[in-house]
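To start, the structure itself, in structure tokens.
First chain written, first letter: the chains are A, B, C and D, and each begins at residue 1.
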Amino acid sequence: MIDEILNFINMNGHSFYIWTAYFIPLTLIFSYILIQRSKLKRMKKYETKI
Amino acid sequence: MLKYFHKYANPGKFLTLALPVRKIMGIVSIGVVTVGLIFALFLSPPDYQQKETVRIMYIHVPAAWMSLMIYAFIFFSSVVFLVWKFPLFLILAKESVTIGVIFTFTALLTGSLWGKPTWGTYWVWDARLTSFLVLFFIYLGLKLIMDSFSYSSKGDYAFGYLALIGGFNLPIIKFSVDWWNTLHQPASILRTGGISISSEMLIPLFLMAIGFLFLFIYILLVSVEINLKKRKIIYYKNKPDN
Amino acid sequence: MLELKNIEVVYNEVVLVIKGLSLEVKEGEIVSLLGANGAGKSTTLKAVSGLLKNEDGEVTKGNICFLDEEITNSNPSEIVKSGLFQVMEGRRCIADMTVLENLRLGAHTRRDRKNINDDIEKVLNYFPRLKERNGLSGYLSGGEQQMLAIGRALMAKPKIILMDEPSMGLSPLLVKEVFGIIKKLNEELGITILLVEQNARLALNVSNRAYIMENGKIVLEGSSKVLANNEDVKEFYLGGSKGERKSFKNLKSYKRRKRWL
Amino acid sequence: MIKLFFLFLLKDFKSYLLDSNKSWFAISFFLLCVLIFPLTYGSSVDLLKKTAIASIWICALFSNLISLESLFKEDYQNGVLLQYRINKIPFSIIVITKCISHWVFTGLPIIFFSPFFLIFLSGSSSDALGLFFSLLFGTPLFSLLGMPIAALTLGATARGPLLIFLSIPFFLPIIIFGVLGVNSFNSGSYSEYYLLCAILSISIVILPYITIKILQESLK
């Protein structure tokens, strides 16, 4: 079981390329989403104040 | 006062229409991307030639499609804004720029990460890569020009026209693999003569593409809502009656 | 002739610069519009001549009538065609053209091409200094450029000229000359002139009537002679008595005026 | 109309000729740029020979970029452009004369001096003709493409850096095809030249029109 997981993570020796290729873009996109969402929430709060 | 509401009457309606769409898109896009990732990482088979590295394709190709599509969208919205002067389309175009930058960067980064194990180099100066880099620069230029005008309406038109002139790059990117012999593999899906790729690979590819598209729509709607609310707040703050 | 009724000017859709300003210029008059820096004088002129849009401004309330036709927010070149010309602040000559070429460009919109040479002759008669200058207008002195700008405005055969600070950056001697010319133009050609000035003494000397602006509002109006003898005006604009600069709001005349509104 | 055109052309030429800063700026900047390459490559003539054409193109690009900033700047700041608009002088004339004078004073000197610079950079003399033609098609494109971008950035804060950043992506294809064209000229293939010609003819039609629109919009 552990071997299988390790094998999967290893990706046939190309682990670095594949995991960075998935990790960095997805973090970028989702962090942008989170930033925008929090901005929207702040805006809504401000709007109700007015 | 009346002029303001006349000018942004459309955006107001747009928001009421956009709210349910945004909520659906938010949930659906996350779901589709998750399923797509599961397919891409676990269920799809490794390529007989490229082995496991082919998995990068499932993020690289959709991101590249998205960056082209977003630019086409910006181009189209700018034209609508310049011709018919609908402010809503300008906001749509402006808010898509940041997302476009992210997707273009993604495509460039994953492309070079894919290039190292398959071509043996992170970067080559071939037509497709160079034209894509130019696209990235144009996106950055759009982002820059948005913030460098003190008189807002002049900046708006500058943005619109820059997006218009930058459109020359799109056909170059699309056909660069056909016109020049390059290292980059030719188009295998959007081409005449059918698809040249196995269906097991197509499923995650399309799932990711659709997921990204929905994500784009979702972020765009959120950003537009922020933009409109900001305008409203600034307007009420500076209202002469206060 | 020119009438501004209760206009309101807003920049960038939010910044209110002029609030409820009304003024009137009758035919054949020289009217001066006085006020401190940032009072909104130039903005008023731009609102009339249609140049506001260039700076993202807009007339949101009230209307501007010229020769009984409404020209609020219309196109600057249309307004020029109807006979209203603005001489803008600062040097606005085409530096790499000669005086004659500059004047000829001023007549570009005109249909009667034949009379242009005669008109250039006529205009130059008012500006004897410019006659001697054959070189490029970029080499002219500030006063001469100001004269050239006025001369170019004359070439368009306007009925009214709006002048934005013709005395700015000129030596006292030249200022006198320019104002002499302005007076002469008004008397001999019958051109109506709306003058925006910071140099109140000179402006009151040449003009028939005057308005005084503060913070985007007209606070005082009347014939120039009356205004020149007004204590408050003396204090603020003519340097009559040395005292701390107060706002017009604290003065009796302003309060009185406010009650009328 | 034709009279007006020549009046303005003369005016633009005068503004370049009388302002020695402006007229000599592009070509002297080009000269300085070209000088840098042999100095930085040291004594290796081989390297210099290989990169001669590319270096000349890079210098042409830079001198064009630098001279773009002054294209509409003075007229805009003095309010002369606004004056033109009020006087209803057609912007087409202004844009076309500006473009011609810009090319004459930045592109043309570079084209004529390029063979000398090629020798100076110890490039092979057989490339001279190819370089001449590639510059002949390329430099007008620099002027044409630079115009709308110079017009776009009028009124922007920090205009210089913005101008350079925005124009680089548009200039890249030209420089790529220009250099490629010289390299394939000797082997008898002219495809890059045809391509440059095609881009040039399209640009001559479209870009002045876009520039006029932008100027009108920025002076509304």
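FYI, a residue touches a chain if its C-beta (ideal position, glycine included) is under 8 Å from a C-beta of that chain, and two chains touch if they have at least 3 such contacts.
Keep in mind the model is a prediction, meaning the values are calculated, not measured.
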On the document's contact criterion, could you list the chains that touch chain A and likewise touch chain B? none
Using C-alpha atoms only, the most centrally placed chain is D
Using C-alpha centroids, which chain lies at the maximum separation from chain B? C
Chain pair, B-D or B-C, that carries the greater number of C-beta contacts: B-D
Quick one: report the Å distance separating chain B from chain D, using the average Cα coordinate of each chain. 32
When centres are defined as mean Cα positions, the distance from chain B to chain C in whole Å is 51
Please report how many Å separate the Cα centroid of chain A from that of chain D, as a whole number. 45
Would you mind pulling out the distance in Å between where the CA atoms of chain C average out and where those of chain D do? 41
Mark out which residues of chain B touch at least two other chains, giving numbers and ranges. 151, 153-154
Chain D residues touching 2+ other chains are 220
Interchain contacts (touch definition) - all pairs: A-B, B-C, B-D, C-D
Across the complex, what residues on chain B touch chain A? 37, 41-42, 46, 51-53, 55-56, 59-60, 63, 98-99, 102, 105-106, 109-110, 113-114, 116-117, 215, 218-219, 222-223, 225-226, 229-230, 232-233, 236-237
Once bound in the complex, which stretches of chain D touch chain C? 4, 7, 11-12, 14-15, 18, 74, 78-80, 82-83, 85-89, 219-220
Contacting residues of chain A [partner chain B, same complex]: 8, 11-12, 14, 17-18, 20-22, 24-26, 28-29, 32-33, 36-37, 39-40, 43-44, 46-47, 50
Which residues of chain B touch chain D in their complex? 130, 134, 137-138, 140-141, 144-145, 148-151, 153-155, 157-158, 161-162, 164-166, 168-169, 172
In their shared complex, chain B is touched by residues of chain D numbered 148-149, 152-158, 162, 165-166, 168-170, 172-173, 176, 210, 213-214, 217-218, 220
